[in-house]
Structures are given as structure tokens and as C-alpha cells.
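Quick notes on the structure that follows.
Chain nomenclature is as follows: A, B and C, assigned in order of appearance, with residue numbering initiated at 1 for each chain independently.
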Amino acid sequence: MISGSLLPLISAAVLAPLMQAVITRTKSVMAGRVGAPLLQPYWDLYKLIRKGAVYSHTTSWIFQMGPTVGLASLILALALIPFGGFPALSPFSGDFILIAYLMALGRFFTVVAALDTGSSFEGMGASREVTFSAFAEPAFFLALAALARQTGHLSLNRVLAAVSTATWMRAAPMLSLTLAALIIVFLAENARIPVDDPATHLELTMIHEVMVLDHSGPDFAMIQYGAALKLWLFATIIVGVAAPWHSGNRWTDTAVGLIGMLVLGIATGVIESSMARLRLYRVPQLLLVAIVLSALALAL
Amino acid sequence: MITLLVIIPACAGSVAFFVESDRLRRILLLSAALAQTAISLATWIVQPAPALGGWLAEDALGKVIETLTSVLFLAASFYAVAYLREERNQPHSDFEEGFLFSNAREASFTGCLLLFLAAMTLVAVSQQLALLWVAVEATTLASAPLIYFHRHHRSLEATWKYLLICSVGIALALLGIFFLAVAATNPDGSTTSLMVQDLRANARHLNVPWFKAAFVLLLVGYGTKMGLAPFHTWLPDAHSEAPSVASALLSGALLNCAFLGILRAQEICVAGGLADFSGRLLLIFGLLSMAVGAVFISGQTDYKRMLAYSSVEHMGILAVGVGLGGAAVFGAMLHVINHSLTKAMLFMVAGNLLAVYRTKNTEGVAGALSVLPVSGVLWLLGLFAITGSPPFGPFLSEFTILKAALDQGQTLVAVVYLAILAVILAAMAGPALAMAQGTPGEHVAAAPGRSIALSAVPALLGIAVLVMGIYLPPVLTRVLREAAHLLG
Amino acid sequence: MSQLINSILVLLVLTGFMLLSSSRLAACIRAIAIQGMLLGILAISMQDGQWSVAGVLLPLSSAVVKGLVLPWLLFRAMREADTVREVEPLISYNLSIIAGAAALALSLWLGQRLQLSSQPPSSLLVPAAFFTSLVGMIVIVSRRKALTQVLGYLALENGVYAFGAAVALRLPVLVELGILLDVFVGVFVMGIAIFHISREFDHIDTDKLAALTDQLR
């Protein structure tokens, strides 16, 4: 057993909403607006927690469980993710498989909760979510497998530690393919613009947001917080691959990681500002490309 | 001497694009064809020295194909001059749909004809397989404009299919050549050049799996160009829409050149002891082509398409002959000549019928014997010759192949072969008789003073077909035997 | 060097997918142009150490012809045909990509099975070449525009060329020039044909080219 560190989990818990704020702020600046303060997501969460939850008569306990399980599975997954120079809380060999399945579990309950409302809008959102994740999951999994194959380790902890500038010198094509696949999955899984628009106002065009329309108060806070954690989780993996500098000093490495997260946040904002949303039926195509990219990376 | 064979038509072709005067250009065409034929006939007396470091040389195989191409081209150029004079440059009305169309510039047509000859000659004399590929692809490009001589949508469709299908096929052949180069790489890294004789000498040391793959690719690639089923789909369209003189050259000369590409690969197979493998493939594709030809000839309502499918069938016969090996190869070589002469004649006669009856439908033609006495007789005799009736040349060569099959104990092949030939004879004899006899419809204009060359040229070819059936010059037999010897 | 070759090959495979998944004709032409240039660089980088004038000039001219001249011709054909500039495939883009993925798997398998006597500098070389050819064939059969069929033909040709580079084939200069000339003239003639097709039919959809069939009794 490798000794774990709580720091990655704590930094995720504290900083994840901030990353969302960075993206929002970048988009505002790109659009020529001042934008919301960076702490706005925290205020939003605080506001939601203070409110009471409203439950429809037609829903059952499944509906109430959805946000809780979703958040819990993400926190568990984050316990397997290292950050900067610090190892994950409880890494073990083959943990990236568990990560993929925890994400699937969270998604399953979100989808089931959405279906539980019996609303046609939410059913539509659920169906889209499942369709797209059917493409996104293999891409994510293959990308992690490609990384594992390249580095020869089966724990994400070791994998990310093993990706160094030397690895890049040796296997740049493979790593760039993986990175490209991961970024597509990152955008898709976090309902970002080429795939979904988190700020849209028309339910018909939504994917993720439409599923959680009926949640309110603390439940909705959990969902929002879960979304922030998910963003953080994917971003950590991407930064871990894209910023392979290991100085040996844990704190320096963590600083590099934080800067990487900031850059990724800004980059996401720029991507979102400069691209139009894809038509819905083009989304699977994008994700298919991600699958192909990661499969190619695995084959290299 | 060999370089001249290629250079004369190439230069004449390039010049022809820019000659404005019809008269001068036609003289240029005829004189280039005459000069080229004269040289290629001279190669039968004086064996020419290899040129370009041995890349261009005439072995027995190349000599047969080259001379045949030259002679046919000479005949076609006389026919073409008469044909172009009749066509004149004015809008024509389409036979089938009645719209008006014009022809391509005669200068481009003549230029492409000559370049086509240059490319085909290069195929025949090339001893380097990659150069041969370049030349085969060049024949596609030079002949595509010939098919699009009549500027209307059907010929355009035919041209497009021809260009695309053949180019794709030929690209596969190039891959085959690269495979062959891999097969010829020795374990120590040294390579054998892509010269046919080097490969033959080294054939026993080729890497067998790569070589087999190479042969399949070459067979598919050049087979597409040659019109072997199931890659023949461009062939009936191109032959039915091209002007008859171009169809005659496509069928009589071009298909042989593509066949030569396969023969070169077969030569190496024979030298490498892989004749069983390659022969079986050739047999399968050959019989399939014959069967496809038979199916589409039966009930065919368009007589130019009928001739085109007959070409598919005869390419099948050639493949069967070479595939059987032994004495059948001699038959196949002989059949190359017989088929080319007969089919070129038939397409030229079909052009005459088309000009008078203004329809390609077999049912629209009746009484050809009375309207066009010479062409009518030639049409009837030609169709009997092509279906393998004695005493014409094709009978002799088809019979040689059949006999070889029986001698080798390949009874099944022989039975299928004979059955298909019988079906085709029955399917072609009906329309042939119906077209020749009967009373012509009233819309048929009594043939006005058409140029003598239009019937004289096919008549001469017809005589050649008859002579080939009765008497084989010893020198021809010797060269054909030599060619057959290369192929096992 | 093998890093560079690997990157080129990955890009080659990606342009194949670009060709399969783009809905815009212009993007497809660009994919082919990129392929042409990549192949030029590949052929130059394959001969490390043994530079020769012909060895550099030939790939360069091939890159210029396939990467600049032919795309320019095709862009002109596209403008003159004034066609709908969408690809309009017979099968959906998703299916095209899946077919592409299957082609990739097949080429990787083939690349493992076929044993070369000399080890190529990258294990991806032969698969990438096969893949590019297969993409060409997929495009030819699954697209209905004449222009895209030409693009498919070019991809097929590029794949063959890449295979030649993969097995370090040293063809004589004359032959290389001949092959290049043939491809060039071929596309040129096809471009002219497309122009005529668009004038004759008001579109360049090849599935409307169906007048010629056998009419059997």
C-alpha cells in the first residue's frame, strides 16, 4: 500500500468551484463583459444549501437519492486521483478502472433520478446523456488504458507520476493523441460548449442541465458541487499528462499543477467563446473521433 | 529503333493538338501510323537492340502485342480519317434522345489517338514493371478523351466510369508492384530490380507470401483494365458510347496491353514455380468472365454493348488459356491476335451500321445485307468468326485451348468452357441473322456515297481473320511459341 | 528521427479520419492537401543519412504537386461546378468513422502479420499506409459526388505512395516522375470531366450517372 495524502482531495473540495468561476470569467472577458466575481459559485452553493428542497408527489426515494449518490461517487473517485506532487488518498493497482465505474455509477443515479420525475424533458435529457456517455466512456477508458500501457503502471497515481518530459520526448505522438481524446471527453462529460451549453435557456437544446431541472435546494447544491468536482477530476488528469514537470519538491509540483489548472480553465473558456455548439447529431461523431484517437494511442 | 516506336506517335500526337488544318492533321496521323507500323514490322526481320539501359526491349511477348497494336492502329487511322470526314464539325442529333450535341475538337481527338498509341507501345516494349505501370495508366488518360468525343451526357458518364474505375484498379496494381519489390528484397537488404528478366532469374528466391499477394493485386489491378469480371463494369459503357473507331482500339489493342501486365506477372510466377497458384486464379477469373459475358450477351438489345460483353468473354478465354498452361498458352497467344483483329473489324462495321440505321438497338436494324452490302456481309461473317465458327482464326485458337484442357485432364474446365461458348454462339447468331436479313425500315436512308475506306478497312481485317484460320506464317508460329514458352 | 516519422504517421491517420468525417468539401480537399505534404516530408525523413539530390527533390516535387497544385485544381473544380459544398455521403458520418476505425484495426492487424525482411523505422508505417488506402476506397464507394470520388482516388494513391516509402523502395527517378505525372494528369483529366459533368447535369452527383445499363430482353 502506498501511503496516501489527503491534500489532493482537500484541494479538489476547496478549489473545484473556483475553476468553474475561472471558466465563466474567461468567457465574460472574451465577450467584453466584467463577469461575476470569482467567488460566485461558492455564494450560489451557500444560497442553495440554505433553501429547502421541493419534491414532487410523483417522485420516489430514487429521486432524492440521485444527487447524494452522484456526489458520493465523485468524492470516492477523487480519493484515487493524485494532484501535483502529492499521491492520491488510497491508490491501488488498477484503480483507474474503479474511477471509470464510479463515474458511471454517479451518472446512472443522476439519470435514474431524472427518469423518476416522469417529465418528458428530463427523459429527453436522460436519453441524450446516456447516448453521449456511451461514446465518451470508452474514449475515456481507452485513453487511460493507453497511458497505463505507455508507462507500464496500473495505478493512476503512478501513471501520472511516470509521465515526464522524458516520456514526452519518447512518445509524443501517443501522448498528444491521448491528450486530445481526454480534452474531448473533458468537454463532453462536463457539458462544455462544443457538446452542451451549460448556460442555455432552452430546455430543448440542453443535455445535462435538463436532467436536473426538478432538483432544488440542497439537492441542487449537491449536483452543482458534484459538477464542479467532476470538472476538477478530469482537469487533474489532463494537467497531469500535459504538465509533466517533476522537480522532486512536492510543493513546487503542486504549484505547477495549480498553474496548469488555471491555464486549462482559461483555455476552456477560450474554446467555449470561440466555438459554436455542435448540432446534437454531430456530437456522437466528435466522441467517436475521441474513441478513435485514444484507440490509436493505445495501438502505438 | 525501339525508342522510335514510342517517340514517333508521341511527337506526332503532341503536334497534332496544334495543327489547325484538317487535311494536314489527317496526313500527319496516317504518316505517323504508317511509319510506326513499318518500324514494328521491321523488328521481325532485325531484332532491335534494347534501349534505355535495357528498360525498353522487345521479347517475343512484347513483339506480338506491339506489332498487333501498330497494325490495328494503322487500320483504325485509315478508318478514322474517313470517319472524321463523314462526321464533319457540326451539331448532330442524338440517336436515342434526339437532343443536339457537338463533337470534341478533331485536333484533340487525333492528338489523343496518337498519344494513346504511344502509351500502348510503351506498355508493350517496357521491360521494367514500374515503367509498364506508368504506361498502362497513361493509356487510361490518353483514351478517356476518345470516349468523350461525342459531347453528351451518356458518353460523359461512360468516360467518368472508365476514368475512375480504371484509375482505382491501376492504383492497386501499383501496390502490387510495391509488394513485388518487397518480395524481391533479399534478407541481407539488397534488392532485385524490377526488370522482368532479373525477377525471372531470381524468381526462386522471392518471398512467397508477399509475392502471392503481389500477384493477386496485379491481377485485380490490370484485370480491371483488361475487363475481367467482376471488374469489367466500365467496359460495356465505354465501348458502347465511344465512337466506333475508338471502341475498336479499346477492344482490339488496349485490353491486350492490360493483359500483358498480367502476363509479365505470370512469367515471374512460372519462373518461380508458382504457376499452380497463379494459374488457378487466372482460370477462376477467366471462367467467371466468360460466364458474365454469356449472361449479358443473351438478350442484349444494344449491339455495341453485345460486342463489348463479347470482349469480356474473350478476355476470359485468354485468362483461361494462360491459366491452363502448356499448349493452351500458345492458343491464348494466338487468340490475342485473332480476337483483336475480329473485334476491331466488328466495331468498325458496327460504326457503319450505326451511321446508317441511327440506332444501337438490334431490333432497329434489318436488311443490312441489302442496305450496306459489304458491311452486312462482314457483320455476319465477323459475328460467326467471333463466336468461334470455322474456318476463321478464333476457331483455331479457341479449339487449341479446348484441346489443351482436355489433354491435361481438366474435363470440368473444358465442359464449362464449351458450354459457355455454345450459349454465346446461340445468343449472338440470332440477332446477327436478324440484323443482316429482312427488309430495311423506311426511315433508313439509302446509304449515300460513303467513303470506301469505311468498308475497305474492315474488309481487309476480315480477310486477315480468315487467313489466320487457314494459314499461320511460320515466323508467327515461331514467335508465338517463344512467347508461350515464357509462360510455361 | 523516428519521433518525427511517428508524428507524421499519426497525422496521416488523422487526416484520413478528417476526410471521413468532414461534411465540407473544402475541408476534405484540405485533408488531402495535408496528406500530400506529409508524404513529402515522410519520404525525405525516411532517408536519413543518405541524402541525394534526387532523394530530396522528388519528394519535394511530389509534396508540391499533391499538396498545392492538385488541391488548387480541385478547389477550382469545386468553384466552377458551383455545387452544394456539402459532402452528402451515402452513409452517415458516424458510420464512416466506424468504418474508418474498422479499417484502422484491419491495417494494424495486417501490419503485424506481414513480415518485412528489413525492419521499418516505425511499426506504424505499414498500417498507416494501408489505412490511407482503405480510407480512399471507403470514400470512393460511400460518397456520391464526383469530386469526393477523386479525393478518394487521391487518398488511395497516397496510401500506395506511403507504402512505397514504408518499405524504403528505391524506384528509379524516371519511374517516380512517371508515377507523379500520371497522378497529376489523372486528376487534371478528372477535374475537366467534373467540369463537364456539372455543365451537363447541373450537379456532380454520380448516382445520377445511371443512364447506361443493360437492357436485356
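Throughout what follows, contacts are C-beta pairs under 8 Å (C-beta built on N, C-alpha and C of every residue); 3 or more make two chains touch, one makes a residue touch a chain.
Quick caveat, the model's predicted, so the values are computed rather than measured.
*Asks:* What is the shape of the graph in which nodes denote protein chains and edges denote touching chain pairs (line, ring, star, complete, other)?
*Replies:* It is a line, because the chains touch in a row without closing up.
*Asks:* Could you say which chain's mean Cα position falls nearest to the mean Cα position of the entire protein shown?
*Replies:* Taking the mean of C-alpha atoms per chain, the most central one is C.
*Asks:* If you take the mean of the Cα atoms for each chain, which one ends up farthest from subunit C?
*Replies:* The most distant chain relative to subunit C turns out to be A.
*Asks:* When the centre of a chain is set as the mean of its C-alpha atoms, what distance in Å lies between subunit A and subunit C?
*Replies:* 37
*Asks:* What whole-Å value do you get for the distance between subunit A and subunit B if each is reduced to the mean of its CA atoms?
*Replies:* Here subunit A and subunit B have centroids separated by 66 Å.
*Asks:* In whole angstrom, how far does the Cα centroid of subunit B sit from the Cα centroid of subunit C?
*Replies:* From the centre of subunit B to the centre of subunit C is 30 Å.
*Asks:* State the interface residues of subunit C toward subunit A in the complex, per the touch definition above.
*Replies:* Interface residues on subunit C, with respect to subunit A: 3, 6-7, 9-10, 13-14, 17, 21, 93-94, 97-98, 100-101, 104, 108, 124.
*Asks:* Please give the residue numbers of subunit C that touch subunit B in the complex, ascending.
*Replies:* Residue positions touching the partner: 114-118, 133, 137, 140, 146, 149-150, 153, 156-157, 159-160, 163-164, 167, 169-172, 174-175, 178-179, 181-182, 185-186, 189-190, 193, 196-197, 200-201, 206, 209-212, 214-217.
*Asks:* Note which residues of subunit A are touching subunit C in the complex, please.
*Replies:* 169-170, 172-174, 176-177, 282, 284-285, 288-289, 291-293, 295-296, 299-300
*Asks:* Residues of subunit B touching subunit C in their complex?
*Replies:* Within the complex, subunit B contacts subunit C at residues 128, 130-131, 133-134, 137-138, 140-141, 144-145, 148, 151-154, 156-161, 163-164, 167-168, 171, 174-175, 178, 181-182, 185-187, 189, 191, 194, 207, 209-210, 213, 236-237, 240-241, 296, 298-302, 305.
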